[in-house]
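Notes follow once the structure below has been shown.
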Amino acid sequence: MHEVRSNGGPSARRELDLLFPGLSRALAGRGSGFLLLGAWLSLLALAVYRRPRIAEFISHPTGSGLVALASLVGLLALTWIAGTRAVDPGDPSGAVPASRLRSDRRAAIGIGLLVVLGSAALLAPLLAPFDPDLIDLGAGRLLAPSASHWMGTDELGRDLFSRVLYGARVSLLIGFLAIAIAVTIGTAVGAVAGYAGGWLDALLMRTVDLFLSFPRLVLLITVVALFEPSIPLIVVVLGLTGWMGVSRLVRGQVLSVREREYVQAARAMGYGSGRILRRHVLPNVATPIIVAATLGIGNAILAEAALSYLGLGVQPPTASWGTIIQSGGDRLVDAWWITTFPGLAIVLTVMSFNLVGDGLRDALDPRRGG
Amino acid sequence: MSGPPLLEIRDLRVVFRTVSGDAPAVDGLSIVLEAGEALGLVGESGCGKSVTALSILGLTPRPAGRVVDGSSIRLRGEELLRAGPERMREVRGGEIGIVFQEPMTSLNPVLRVGDQVAEAVRAHLPVGRAALPGRVMELLETVGLPDAEQIARAWPHQLSGGMRQRVLIAIALAGDPDLLIADEATSALDVTVQATILELLDRLRRDRSMALLLITHDLAVAARMTDRIAVMYGGHIVEEGDTRSVLDRPAHPYTAGLLNSIPDPARRGVRLEAIPGSVPGIGSWPGGCTFHPRCSRSFARCEAESPPLLVGPATRAACWLLETDE
Amino acid sequence: MGLGRALVAGSGVETLIRYVGSRLLQAIPLLIGVVTLVFVILHLAPGDPTAIWFNPSIPPEVLERMRESMGLDRPLYEQYLHWLKSFLTGDFGYSYSQFRPVSEVIGDALPNTLLLGGVCLIVVFGIGMAVGAWQAVRRHSAADSMLTFVTLFLYSMPGFWLGLMLILAASTWLGWLGLPVSGMTSVDHSLLGPLDRISDIAGHLVLPTIALGLGSAAGVTRYVRGEMLEVLGQDYMRTARAKGLTERTVILRHALRNALLPVVSLLGLYLPLLFGGALVIEVVFSWPGMGRLMYDAVLARDYPLVLAASFLFAVLVIAGNLLADVLYALVDPRVRHA
Amino acid sequence: MVASAIEARRGAGSRPFGRALLVVAAFVAGCDSGPPRGADPMRGGDSLAAAEAELRAERAYADGVRQADSAAHASVDERNRYGGTIVVSGRNDIQTLNPLVATDMESVQHQAYVLFTPLVRSGPDFEPLPWLARDWTIDPEGDRITFHLRDDVFWHDGVPVTAADVAFTWERVVDPAVPFFNPAYFDAWEAVEVLDERTVRFTVRPRSNLLYGWAVTAILPEHILGDVPPDQLATHPFGTVSPIGSGPFRFVERVPGDRWVFEANPDFPEGLGGRPYADRLVYRQIPEDAAAEAALRTGEIDMIVDADPVSARRLAADSGLVVTSYPSAEYSLIAWNTRREPFDDPEVRRALTLAIDRESIARVVRGTYGSVSAGPVGPWHWSWDPGWEPLPFDPDSAGRLLDRAGWTDADSNGVREKDGKPLGFELYSTPRQAWQNVAAIVQANLADVGVVVEPRAREQAALIPLVTSPDRRFDAFLVGWSRDVPLDDRDLWACDRVDDPMHFTGWCLPELDAVLDSMQVVPDRESLARLTRRYESLVADAQPYTFLYNVDTILARRAGLRGVEADARGTWASVAHWWLDPESRR
């Protein structure tokens, strides 16, 4: 390490970042600096602490193990790159009205929570203190939360904290995929209905009404009974029954955008409607869709949990938060932790999605101000 | 006129809280208005005119806006900034009426027009339920609305822009105020309707010997309607005097610049001059004389020190040119 | 608003009736569509109504005869036509899992769901509007940001989990409250006088209503707060204050009336949510309503009961949306007197 | 000599397969935990010793309760035991009181003991005792039986119960148009003759448990249902809206999905015990265990029938409550589909049973209210031999058996293979919580001996076709089942009925067919017991099922409710003698 120049000019501090990304910004008292540094150090500590498990994942590669390793490396790389980027000059903070700030802060908290939850889910195989399916019918059954078992154990002696961590993977995965399907279908239907108008619009909207007035439960149970209940099935079913809201939203936006001059201009220049839709209309509709999608993921996670609680969602042994809650349902009074902790995990996750969704919506539409 | 003036504002300072600290919107404004007199407060948008009007009525947009201590707004000598909420309610509509700029959105869409006028009447005058409709009809007729009966029953969205502005004037007059503030009252209307509203305001002022504070960016409108004019820039008054003097012998370069940018039939063919640069946003006003960066005749002192109102040939202006005898 | 366009053409009551009429006409194909879809999906699922009776000692031939008596051996379209004909003539058929005519089964369950759903609706919109408006008026205050956090927290909570936590609390540290944790009526209900019966049911309503309503109440609060903020920023609020009206009048007479307009349309959206969402809550609290009935019926492949319940659910949804539209028109003069 | 039991699998009290799945699954839904503080075997403790100690303590507690009960009996004078409303709650609603259609335990018990007066009544060892029939004589050739009825039993609408009612009931039960759930009870009953108002004679074939059908099937009122066409009896409102009975209690009202209310029948004959002590008897459906427990603690209900072992542990600790249990006909099993490799090999089946820790499963799922099941006969049956031991939990010999059967872990990847095929199977069950726990334990146990288990949860109506259709698309099937007094298991094992729905395993043995056939006709109990022993040993050797655990029915009641002597005949057997301490009447 060559000597650091006395005045510790910016370039000197930059070298420190190579080893400790974000350090220079932390020294400059910038919040993001502490965050990056904290992330970097904790990821390193995890890698060191879990050396044996990493070695085992390498020797006996399993699906989830590889995902965990890949995400550990990925997160380290991300933090390093973010940390070492040149310290951006003081941004000219124009007179930003306080309300904009608040909504950004809420979005920031939401995103922060999501990053933590997401990485915890991805790194579950490394983070989990025990194997989630390890049964201990002896002394380990139904232990209350303690130092060794942060969230206690269930009736088969399995460590609840590990199961909730692994459950996060299932619930988050289902939430994202279901919304992806719902938003895709919704956007397609909404865009075509909004843009085409006329009888096609009426037909599509009547179909939307049909789906909205359809008892979702009948479809869910029948599909679960018809096919083998599995994560892809739940995702498809939630996706198929969740797109109607998005389609109405998109249609409204497309209707308003369609009248705008630049769209008529494009039409005048002879562009095909497909191109117009893709190039001009949809980008302007993107923001409300993103907001709807973010809020939608929260609802999808809630729906999956309810389904699993009714025994219709994710089938054991895969543990999703809903199934864990169901397993604790009849031990509510004396093994309260089995039901409580997965519930809290759901609330925290859904809240962070809602925080981000709210923050985005208010930031993008200041009139409704935070 | 003996006794304190109808309205006297001295060193009014209003700031807005932003991410990077408090930004001043009104920075040391002082004006005086006698009873029955018409004063034009003229300035480009963003110079703090509307904030001044709202502050007079104690309606500074909270919580972002804040009237800084040391400011003073006296109504016939009574300091309004220290008046309690009940007193301020009596003043609003009872002693000072205000008409805003945007007639299309200033009426409550879900209440009938008559109810919105009656509400204002009952807030200040001891009018019984029975007499109320009559009083409302009378008000609507005085503001020149033809079929008052039908108008009273109508909903706001059923009236044109001009008719709605007349209703708003009726509302402002409901409490027989001594001072009427017209904050860009005609800017949103098209020219023909604008003229009829201005003529109405003038007639009402005379009939009721009511003071008028006409806030506008349009010097021509101020010229027709007011006895005196105060030109506002950078949150305070830069020139003030009786209308004729300000129009004919402006002492402040900014006022001169404003006058030159008005198309005047007398100077047909002469190229209109535009004042270089643009009005700085709230909170980013330069030091010294706020106009100096855009003033073609600015010199060292302008940048250093903010000039007070100095006595000029016919008007008073905040410009160091008056002191130097160049 | 569809209604708005219709009302623009004419004005007054007869347009309203014509509009409602056209909406009801549109609803008929929709209802038929829903019920047909349910019929097809149910028959696609493996297993059939005899599943509930699948008794080891019933010889196969008896089971066969039972299937014939239910008409399950006939081709699908024939079953559908037969069912549709009887359904349209008001004969909802016999529920094999409840051993009673379907109309009777639904007759018992529907009022309970309407009761729970109705009470929830009142609580949800009552709290939502009051808290939302109160919060908006105190914008940027500590109370505002605290409430924003709390409503977000409650809005993100799974209803059934909240139900379980309420049962946990009611049977442990809140035990002294003696809140009933299951069913709709206590045991000796039939012996009670009319007044006691009402208070008995009310007692049973407390926990399910909280479990079902809290999340939605938080949702409505957030929505009303947003609407209220928007209204408070409008110009006519400034006019109202400039008139010298008291703050209370300004808020109640001017702000609230305008903010509540869109809330009425929210009512239409929440109707199906409350009755659909009630299902899990009804299962947790064993509330004898339509949700639990539907859940058991679908599991037991009780075709007539599921079809009738689905039809009713669709009617509720369509009626809800229509009601919201009509209410919106009545409340907003801009639509009523275009 | 006829044995009858209310808990019969296929008798009136039996649970249809479908219901068996749902009910038994729910029945064992809660595995148990005790309050974390108390010494609780399910909590593991260190060894089985702790579990035994707990069992002994449990029995001592039960005996103590019985003494307290009889002491109380003597202390309170018989006269003021009358009065009060007894409220009983159970997990499932009574489906109907129409005996021709009822299939679930709650409905049948209310028919036989509460609402109606059956022809005969079962004694403690299920031998038939006089009830509606004062006595009966069997002709020397044994082909005709004549019943003499009491003259003091009336329908609740005042009409006397006569021989015509008995004949009418028999005609409907055997009528093919009526979906009676257990025709096997009466297939030895050929014809009926009404000699006079009080005498009815049947021609019969020799049959063991001959009269058992009449103990569990209530007599129907001919004057009400006489002219109802047989095929409409099933959907007649008699069962759910207006049941007219002849028993100790009369029907008052029903609130669907919530409760059934009965009141004492003042005209019930003294000879049969006279008017019951309680004024009113209520049955409430509370599916959620936590809710039922809370209702019992607050006194809203007096007894939980079939309580969940989890709540039972907690309730037992409460001084104001009493928890007892009795062996029931319920048991759980894994059925191996012997039509598929490798379950056709008895060695493999035996190894799988040896490798499964049934003791832990019983303890986890049932706590002290269950025992490892040794075979098709359970502790509730009169012919049960306590000395008959189940296979031990012995993973080592299981491993050796698998090696011998050719399943070895050549590539030592922890999973045994044979000719390249790994040893593993899918274990099907419904998504009930108890089955998930059992499946998880089986998965862990078999993993230790190199067998891969994949639990598959399928909703009941979808699962039934899988396991009952001829192509039998399953390897192993975890299910709850209920036994029957006549032990007529021919539909499970008979070689000529391999394709019947219930023949899951597809395993059969000609010798076993002979044993089962003779068990249905042999007249005396000693030879019936001997044949039953032979039946048990044949099944134990072949292990077509891995028998898991027998279930004890748990009754949790307020101390103030007395006279509840429940045994294998069913909870409501002694309902007429239940009474409430005067001060604990609501």
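Going in written order, the chains are labelled A, B, C and D, and every chain counts its residues from 1.
Here is the rule we go by: contacts are C-beta pairs under 8 Å (C-beta built on N, C-alpha and C of every residue); 3 or more make two chains touch, one makes a residue touch a chain.
Keep in mind that what you see is a predicted model, and the values were worked out from it rather than measured.
Enquirer: As a test of understanding: of all chains, whose mean C-alpha position lies farthest from that of chain A?
Expert: That would be chain B.
Enquirer: Give me the ID of the chain with the smallest distance between its Cα centroid and the all-protein Cα centroid.
Expert: Answer by centroid distance: C.
Enquirer: Between B-C and A-C, which chain pair is linked by more C-beta pairs in contact?
Expert: Per the contact counts, A-C leads.
Enquirer: With centres defined as the mean C-alpha position, give me the chain B-chain D separation in Å.
Expert: 91
Enquirer: Go ahead and note the Å separation of the Cα centroids belonging to chain A and chain B.
Expert: Once rounded, the distance between the two centres reads 52 Å.
Enquirer: Once you find the CA centre of chain A and the CA centre of chain C, what distance in Å lies between them?
Expert: 29
Enquirer: Check each residue of chain D and list the ones that touch at least two other chains.
Expert: Only 290, 293, 459, 461-462 qualify.
Enquirer: Mind pulling the chain C residues that touch 2 or more other chains?
Expert: 45-47, 140, 167-168, 171, 299 - these are the residues of chain C that touch more than one other chain.
Enquirer: At which residue positions does chain A touch at least two other chains?
Expert: 98, 221, 225-226, 329, 332-333
Enquirer: Spell out the residues on chain C that touch chain D in their complex, using ranges where they run on.
Expert: 45-48, 51-60, 62, 65-66, 69, 94, 98-100, 105, 108-109, 167-168, 170-171, 175, 178, 180-190, 284-286, 288, 292-293, 299-301
Enquirer: Which stretch or stretches of chain A touch chain C in the complex?
Expert: That would be residues 98-99, 102, 206, 209-210, 212-219, 221-222, 225-226, 298, 302, 305-306, 309-310, 325, 329, 332-333, 336, 339-340, 343, 346-347, 350-351, 353-355, 358, 367-369 of chain A.
Enquirer: Give the list of chain D residues in touch with chain A in this complex.
Expert: Within the complex, chain D touches chain A at residues 29-36, 42-46, 289-290, 293, 308, 310, 314, 357, 360, 363-364, 431-433, 436-437, 439-441, 443-444, 455-459, 461-462.
Enquirer: Which residues of chain B touch chain C in the complex?
Expert: 54, 57, 59, 63, 85, 88-94, 97-98, 100, 102, 105-111, 116, 119-120, 123-124, 155, 157-158, 168, 171-172, 174-175
Enquirer: Applying the document's contact rule, which stretches of chain D touch chain C when the two form their complex?
Expert: Against chain C, chain D makes touches at 9-10, 14, 16-20, 85, 87, 95-96, 98, 101, 103, 176-177, 179, 181-184, 231, 235, 237, 239-241, 253, 255-259, 261, 282, 284-288, 290-295, 297-298, 300-301, 459-462, 464-465, 468, 491, 500-502, 586.
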